[in-house]
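Heads up, the next two complexes both have subunit A, just with different partners, subunit B and then subunit C.
Moving on to the complex of A and B:
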């Protein structure tokens, strides 16, 4: 009895059979195409709803050496340095002021105090250009001594603040492209804080004293969950003395610069910093921050349609197995593939792969077109590292694929469409909505994004949260508690676990 | 692979009910084996156990000497039609066969072959949801034939077929057996199998009550019964009783004689000068034989249960 055979392993045959099953039901194919379409259209709709306009051209946002948008705004008292050298100072005081809400309009109220990440110290910077590479050793408002470089890097030194009675000595040395930061409590005993390698640092750099203060951030829990954040102007003032320079630094006067200061319409600086020199004592006041910037459109804002697409995917993936139960077709399936575990895994792989491809197409279109629309509408889209955008797009496709596998497994366990669809939505979609829709306190929202399959959405976060930048890092703001791949791993773990459970049940049950 | 089905000592309990209670039989190649018994006798459950869909509590079921789940590309070894309605309604008949073919490493050409073979023709391109029961049965047969298997299991294949379809099915099954395949066909109506099956496995209450050839079953049920028509029934009864027969009056001038062959009955009546107009061997129908067997099985079971108490 001869039949045409092809050389394929049993599993590949099952996989092909499941693909044939999928593509021969027009409703499923159309629904999946619809999922892609709705993902793209909703994303573009939300992108086209965002408009930004500036008086004239919007100011260019500086970009750091790592490619990220940065805020590079501080008061810098500097002079040129050629080649190797070092700067050593004593910081004897750090004070500041924060603006309070106006109680009577027009009269400005301020209170004294420093914000936690107010910073002042010594810096070596490539040039006066905003976003250029730098390294700095500094005292901070509430986080002790730090060494930071290139906006995103931060190393902790000793804790504690500075005062007249307990000053801090800071030193930054340059040897080629390698910079080393030191601190001391007495000017004799030095300990290293950290090192930085600044690739491409030119021979001629700027060296000097700086001060900066990010705004005073207040996060208020909302009446119905969620939170709102407000940032008010703050300034930091540091007093330096015992300044000594080594190396071929230019002699003569220090040059004060209010780097990146905002100008009022009349040309005067808005919230200016300042510099006073009295004998060997230098007083520097700075406003602003030297840190990555998170104000702007994130590329994942173009993926708001994924949630709607996900619901369609869940329905199709559930139906892919539950209709077999409803019609008794599952028996035919198990006759063709009596090794049930392999058969179900083939089915899961088929629907997962279909969804992945659909998701990849949809996410690519949504991000590419959405970004173009955002930019055309005058919005600033935060730049990301070269591999971040592919990660967001491919990750979104994996997210959808894993969700499809999870839904299929739930469908196998329940054998009924409605119960399975509801369960899958409750597992993936509902936690995401609860966590991001400002209905829960931030803590609860973060736990949902850690523990439920919705953790997978972390793969879409393109702008990381930085420990050295105070922000309202909540899921509703697009900041998830787990790292992107860790979050996706949680979702994939759920999918694998549920599929394992479904295989166990399928093996145990009579068909 | 040897084209056989071997079932030995299958037991399966659904809650309080023993669905299978020591079911044992063998299906040989080259003939159609009828698997017959009243509804609920365990035919479908046995078939599902043979096909690895249900697990038996005890016993073994082997196809060609191997358990079904151990078969590589199982549809090339065993073809089965369990439930012709088990179709995705929005998928065409042809595509239904296509995914099954792909699962066994077969191509579209084989699909078109079996479509032709069962006479589905261009209807195969329509959505299966719109198929009549007869078309579904043909599609189910096509699916069973897809892998050109040496063993076939068909659960009530004539269900819902029109008389023409029943005749077609009968010829089809006989043709498959003639090719040397083992064909097991279940039915709850003996009449359906009368002209189809060579061999019968009669089941009742989860066990085999008869495992015999069709001819043997009829012979056993007909043995030693002679119908007699006479104008002198009382004379005839006396003469035949004297010769050792058991005689029962079945009408005003008809008798049934048990215990004597037909020619002996004639000889006795001639010797005693009893007039008679007709002597015939009483031939039981398969239906009668089957009714008798399954009734016995039911009674036996009831008695057994009482004894066990």
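Moving on to the complex of A and C:
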């Protein structure tokens, strides 16, 4: 036998020894099963606590080309276009109104002004169907000229607003499935804003002018912790002139359409937009937004119980090593595996793998069953990209596994179970709770979710935050400052670092 | 009873960890409160935060130290076998638990008072430096006004009740790691559960049920009418939890072999 195989079989032997130790302590096995059970049950409890009901059937939510739920609600003044072509307009004004919070209940207060992401400009859209592919060049309330397409994509042009004195020229050209947006301040010197490739764009499309305004968002800290966001009605009105169309656009009048307008019970439109034509000047008023939707249940809402399961996992992982110290078994263990570093790594691998498997089973059950309960209760569960759900489930299992390794390492450093359990919980669980459910300001909460091992919870976020949509993007709203895998990497980094420290200490100290 | 108290006091006094835990309680509470107060920023329209909750924010972390102190006071004896000596010397088991409860409560009250007072004073100073006001032209409450006093006094009581709850659970569970896991799970996990449920009725119910949320209602000085429970009723919920835990722990101590 050569040395490599000896070494490998030696490690396999250590691993098996650790697995046997875990398997044969009935309390630990039961506790781990309990952790899975509590994770699933708490998840299902929170899923069944969420009800939504609509008068009659809930309206169907449009889905964008990328598979995400979208809001596709705006005023569109359009004509059919066949094949290549372009539209050029001058925007001379953008005004709006927004509803203010009621100072006395029941009386409406409306002020003039536009919200930051109010938008108006030119658009080419596959069809009038909500959620169909599009590209648009627009002026916005406070973010300058933008080119956006397919709801999630946004490119910035030049900053600044529009007025009679400094109008903006916008142009959108189509060549096949490629659309290019341009802007100009004088109609002669043009600069490109961005391009979009709309896969599967048919020959016949709609081309025209649009206006939309998302609601005015206010985020207030919750009375007993967390925060809540409220959105109030807002509308935007834009004035266009110098409209010119190129290509084989149909002649005749412009067709106005209030895309996606909600209807009152009597069938009249609720908060309608509008269109006025006088000579060469067109005035378009729009309500709504063309953007990804974040209102709805997220799949990670079914993983509430992970926090409770995590505490059980931490306790078991700590005891996996501290019990050896208490009973003196550690001396036998180190006698059998005198290379202490490898012995501890085998131990970490064993507890990490067990927790991963348990976590995988629990998370799969919680998400699958929880989603079914949510849907049965009339909730809208936000659809996600095909790999997002497996990422959330597997990521949650990795989160639990890494936490177990971290807890084991802390247990090795302290040798005392209470101090180790507390330290592990204060490192992982407490920051998460302070960041999501306390009166802590959002900025501080975000730093907690960046710097502490609780950053790993970012792996559960299924709906990304979009820079071009205002939202309550705080940990309490379910949005974390780090990208999912980056957050998980922070936790794994902590686990690896602590394990390294534990190996160092184990080798240095007498057992 | 005096003999019991003296015995428990001697045991707790001479264990190495006690001093460090009490010091940790004070240090963690004050440090976390200071960070929270420094993190608050206000707009011109006033500050949307509750000054008492922010300057006593550290209690939410410091309470873990009170929990360890209480858990170790009894489960430490189980892990070393000392409990058998204790019960041989003082066979009235309920009295032993009562003496332990009294000593742990006393220590927590003492350390809690220092921690809360220091957090209030330092937190208030930082908030004032950040220009904290209740609204345009309304200054922050002074420390001697009713709600602030209630928040401070109540937070000290809160810490003591957490210690009693932990003691009761540890007496029932016996193993220190399990006990501390149960206590912290009860405090932290139950506290976050209401925020994960959309239904407002469930939310309210779970909030009222959670020992940490309900107990910390004692720190509220603003928006009192929107709280699911009044401050003292909230602390009452925690007291109920502590009483049930102590009762369970006491029964388990009496009925089971040590």
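Here, the second predicted complex is superposed on the first by the 488 of 511 C-alpha atoms of A that agree within 3 Å, B and C clash if a C-alpha of one lies under 4 Å from a C-alpha of the other, contacts with A are read in each partner's own complex, and residues count from 1 in each chain.
Convention: a residue touches a chain if its C-beta (ideal position, glycine included) is under 8 Å from a C-beta of that chain, and two chains touch if they have at least 3 such contacts.
Keep in mind that what you see is a predicted model, and the values were worked out from it rather than measured.
Look at A:191: by the touch rule set out above, it reaches neither subunit B nor subunit C. In the superposed model, A:510 lies in contact with subunit B only, and not with subunit C. Put subunit B and subunit C next to each other and count what each touches on subunit A; the higher total goes to C. Contact with neither subunit B nor subunit C is seen for A:244 once the two complexes are overlaid on the shared chain. In the superposition on chain A, A:166 contacts neither subunit B nor subunit C. Residue contacts after overlaying the shared chain place A:441 against subunit C, while subunit B stays out of touching range.
In the superposition on chain A, contact is made by A:13 with subunit B only, not with subunit C. The interface of subunit A with subunit B does not overlap its interface with subunit C at any residue. Considering their complex, residues 42, 45-46, 49-51, 220-221, 223-226, 297, 301, 304, 307-308, 311-312, 314-315, 318-319, 322, 326, 379, 417-422, 425-426, 429-430, 432-434, 436-441, 443-444, 476 of subunit A touch subunit C. By the touch criterion given at the top, residues 1-6, 8, 10, 13-14, 16-18, 20-21, 24-27, 323-324, 327-329, 331-332, 334-339, 510-511 of subunit A touch subunit B in their complex.
Per the touch definition, subunit B reaches subunit A in the complex via residues 48, 51-55, 68-69, 71-76, 80, 82-83, 85-92, 95-96, 98-100, 102-107, 109-110, 143, 147-150.
Partner subunit A is touched in their complex by these residues of subunit C: 35-36, 39-41, 48-50, 53-54, 57, 60-61, 64, 67-68, 71-72, 75, 79, 176-178, 180-181, 184-185, 188-189, 191-193, 195-199, 202-203, 207, 213, 217, 220, 223, 226-228.
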